[in-house]
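For reference, chains read A, B and C in written order, and residue numbers begin at 1 within each chain.
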Amino acid sequence: MTFADFLNLALNGLVEGLLIALPALAVTLVHGLARFPNAATGDVVAAGGFGGYFTFNVTGSLLLAGLGGALVGALVSLAAYYLAFKAIMRRSVITLLLTSIGVGFFIRSVLGMSFGHELKMFSLPLTRAINFHGVLINPTDVQLAGVIVAVLAAVFVMLYVAPVGRMMRALADDPDLGRVSGIRKERVMVVMWSVTGAVCGIAGTVLGMRTTLAPEMGWTMLLPAFAAAVIGGLGNPVGAVAGAILLGVVQELSTPYVGFVYKIALGYVVMLLVLLVRPQGLFNRPQGVR
Amino acid sequence: MSMLTTTGLDLAYGDFKVLNGVTMEMSLSGLHGMIGPNGAGKSTLFAVLSGFSRQTAGKVNFAGTAFEQLSAVERARHGFGRTFQVPREFKHLSVRENLKVGARHQPGESLIKLLLAPGEVRRAEAAISERVEHTLDFLKLRAVADNLAGGLSGGQKKLLELGRVLMSDPKFILLDEPYAGVNPVLIEEISARISELNQQGIGFLIIEHNLEALNRLVDDLYVMDRGTLLAHGKPDEVLADAGVRAAYMGSH
Amino acid sequence: MVSYLATILIIMVIYILLAFSLDLQYGFTGLINFGLVGFFGVGAYTSALVTMNLGLPAWLSFPAAMLVAGLLSWPLGRIALRLRDDYLAIVTLGFSEIIRLVIVKEDWLTHGVQGISGIPRLWPNWSSSASELFLLCALITAAALTTLVMRRITQSPYGRTIQAIRDDEVAVIALGKDPSIFKTQVLVIGGAIAGLAGAFYAHYITYIVPDQFVPITTFYIWMAIIMGGVARLLGSISGAVLLVFLLEGTRFLRGYIPGVTDAGMASFQLGVIGVLLILFMRWRPQGLFGKRSAT
């Protein structure tokens, strides 16, 4: 494998990783505050993707499509919170998890019945990759990666600079803090569900632009998002993004050795190894995983 | 005389020592108590003794067997029983079933015997059932024998936990706050039962905050504060000690 | 009509077996297995391959299916012992997906995405409808035997102890019993039962592809045991029956609504299952036949 090949795979892996980074971030933020892995994440991604798709068809603007996707994602996520999760927040992990499976099914079902199962594509001009001494760089990929990085930056600014973001992180670290310090947990929750929904919505729009749209598209995102979040350490936003990029790059680099099918399996294997060796994830401090 | 000894037991998180050089020696047939303010490390000591936490330094010896490297399961199998500060009843099982689970030698827990030696399983079950009935009477839980354990009162759950650990034939039992949240009448009952059991040869180390009840029950008292053993001796003497009063009474 | 009823019953009893497998693991022992369909698939493929590649009679392939599915559960068991609920759910889900990917990739054995067709019926010389009835009878017999075994296991000291592990593993350890042995055994037995169900499925449907073994089936069975009531054999049976009624019922509705495609129907079923999951978890988590527990 030449250096150019290596770089190609690594760059592709970087883009793949960035694509997973958004839903992985959503998974980890929900887990941090609501304490369960949200299995509806993938389907919110799909819903947002459809939202972005229709916004694009109506407006022709990619920027508005992204915003449309974010809006749809946020609304669907908030609806799920108010209608399904809020009432059972204090119940066991398995209750919340199974409910989220139900929510995901419902979203997927509505998408399927409303929009059918034929694959849809954004009508975007086809771009050709630029060849840079054997390294292929696709302008669309660069733009989409840029969008994702911008969104990630915005979310991290919120998490580390904005008061509500700091409260979110504090509550994730110590859920009892709310009662003691007067942080209004409900308000933080609403912000969290909206932000994670918006993030998923943008992920869906970007994914739709890069590949195709279908009601099932979210499901294929879900396990990689879970794996990335687990590898980085559940509840750790930096970990989720780092885990996603790591996963994407490792998967792509492994393709010449294990093939396209097993590269997906590799993600789960890596997640398993991390759980066995360093259960709190690569970026978290040791705590109760057992 | 068989002893439970600890030597220089430490449990450190980084620089912070939750347990600091705890050294004790107690007879396995005695009735010992342990008091101390909240956060003194009493429950942590229990966790280390019973194998649920691992010490960072030090040794534990139970009747001549080195305990510090053994798992919690192995320690329990040596006859080292314990109860928990917040009762851990099997909430979806009945009181009777809770007690039955405690019994040690159950051929019915082996799949092979279950399917191939039904007679042996049946006989063992009959013996266990008989013991359970005695335990129910001993602890006066017969009235709630068929109730789900999750619905019992706090005091009843404590009694149930005691009964359950008794079913496992322990030589020595760590009791973690047996009187907490229990009404005074029941406290008398529990004390009486512990006394009877001690006379039958089972030793106890009891963590408690209820000083009067503990004082009347135990032969000797340990005092812990901030991870160290502050004092040890007869209950009256220990409680009269000025140092102990300062450390403990202030925050009680 | 008879053929239709036979088909419904076959699916129903296969679902009952899967429900038993899951209920033993989750309802009785508290293990969250989101990878059920993986073992179902392993059973189906093992049975198909043993019959076709090794030329062994079908009835020998069934124990083979149970053995392989059971053995594959063992490593999952070792992994499961060290993980908390939410991590266990994700890992078991990943496990079943890895199984499916292996089935897809190792096409020299499994024919990959093209699947295995022409799986012989249980009594090849008979007509197809007689063969189907024969399979149904064999299936019911197997299910009845499994019920007896389940009963023996769950209503026994073993059943008591696994429920104790479910309720409070720490307390079980403090009594000197090692939960890991029980958990591993339960995963292996459950895996074997799921494998048995898979073997029947393969010989009933005669054409298997990897896409038939996707997580949706796992969650349909979760739905079944939750509806019927966990930790009860009657709950597993009634839940599976209800599931089939729901799936078939929605299919009937299609006759009354014009212009609904196959895919549209599948979407609708998915939505019904989703809503039911949400409703049951919120309002009646003990299921229709479960006891209201202390919590």
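One rule holds for everything that comes next: contacts are C-beta pairs under 8 Å (C-beta built on N, C-alpha and C of every residue); 3 or more make two chains touch, one makes a residue touch a chain.
What you see is a predicted model, and the numbers here were worked out from it, not measured in a lab.
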Give the chains in contact with both subunit A and subunit B, ordered by label.
-> C
Any idea which chain sits dead centre by C-alpha averages?
-> C
By number of C-beta pairs in contact, which chain pair leads?
-> A-C
Of the other chains, whose C-alpha centre is the longest way from the centre of subunit A?
-> B
With chain centres defined as C-alpha means, what is the inter-centre distance between subunit A and subunit B in Å?
-> 48
Just curious, how far off is subunit C from subunit B if you go by their C-alpha centres, in Å?
-> 42
How far is the middle of subunit A from the middle of subunit C, if each middle is the mean of its Cα atoms, in Å?
-> 30
Spell out the part of subunit C that touches subunit B in their complex, as residue ranges.
-> 149, 152-153, 156-158, 160-161, 163-164, 166-168, 170-178, 182, 185, 189, 231, 293-295
Subunit A residues touching subunit C - in the complex, by the definition given at the top = 31, 36-37, 84, 87-88, 91-95, 97-99, 101-113, 116-117, 215, 223, 226-227, 230, 234, 259, 261-262, 264-265, 268-269, 271-272, 275-276, 279, 288-290
In their shared complex, subunit C is touched by residues of subunit B numbered 50, 52, 72-73, 76-77, 81-82, 84, 88-93, 97-98, 100-102, 104, 106-111, 114-115, 121, 124-125, 128, 148-151, 161, 164-165, 168
Of all residues in subunit C, those that touch subunit A in their complex | 32, 79, 82-87, 89-91, 93-95, 97-98, 101-102, 104-105, 219, 222, 226, 261, 263-264, 266-278, 281-282, 285
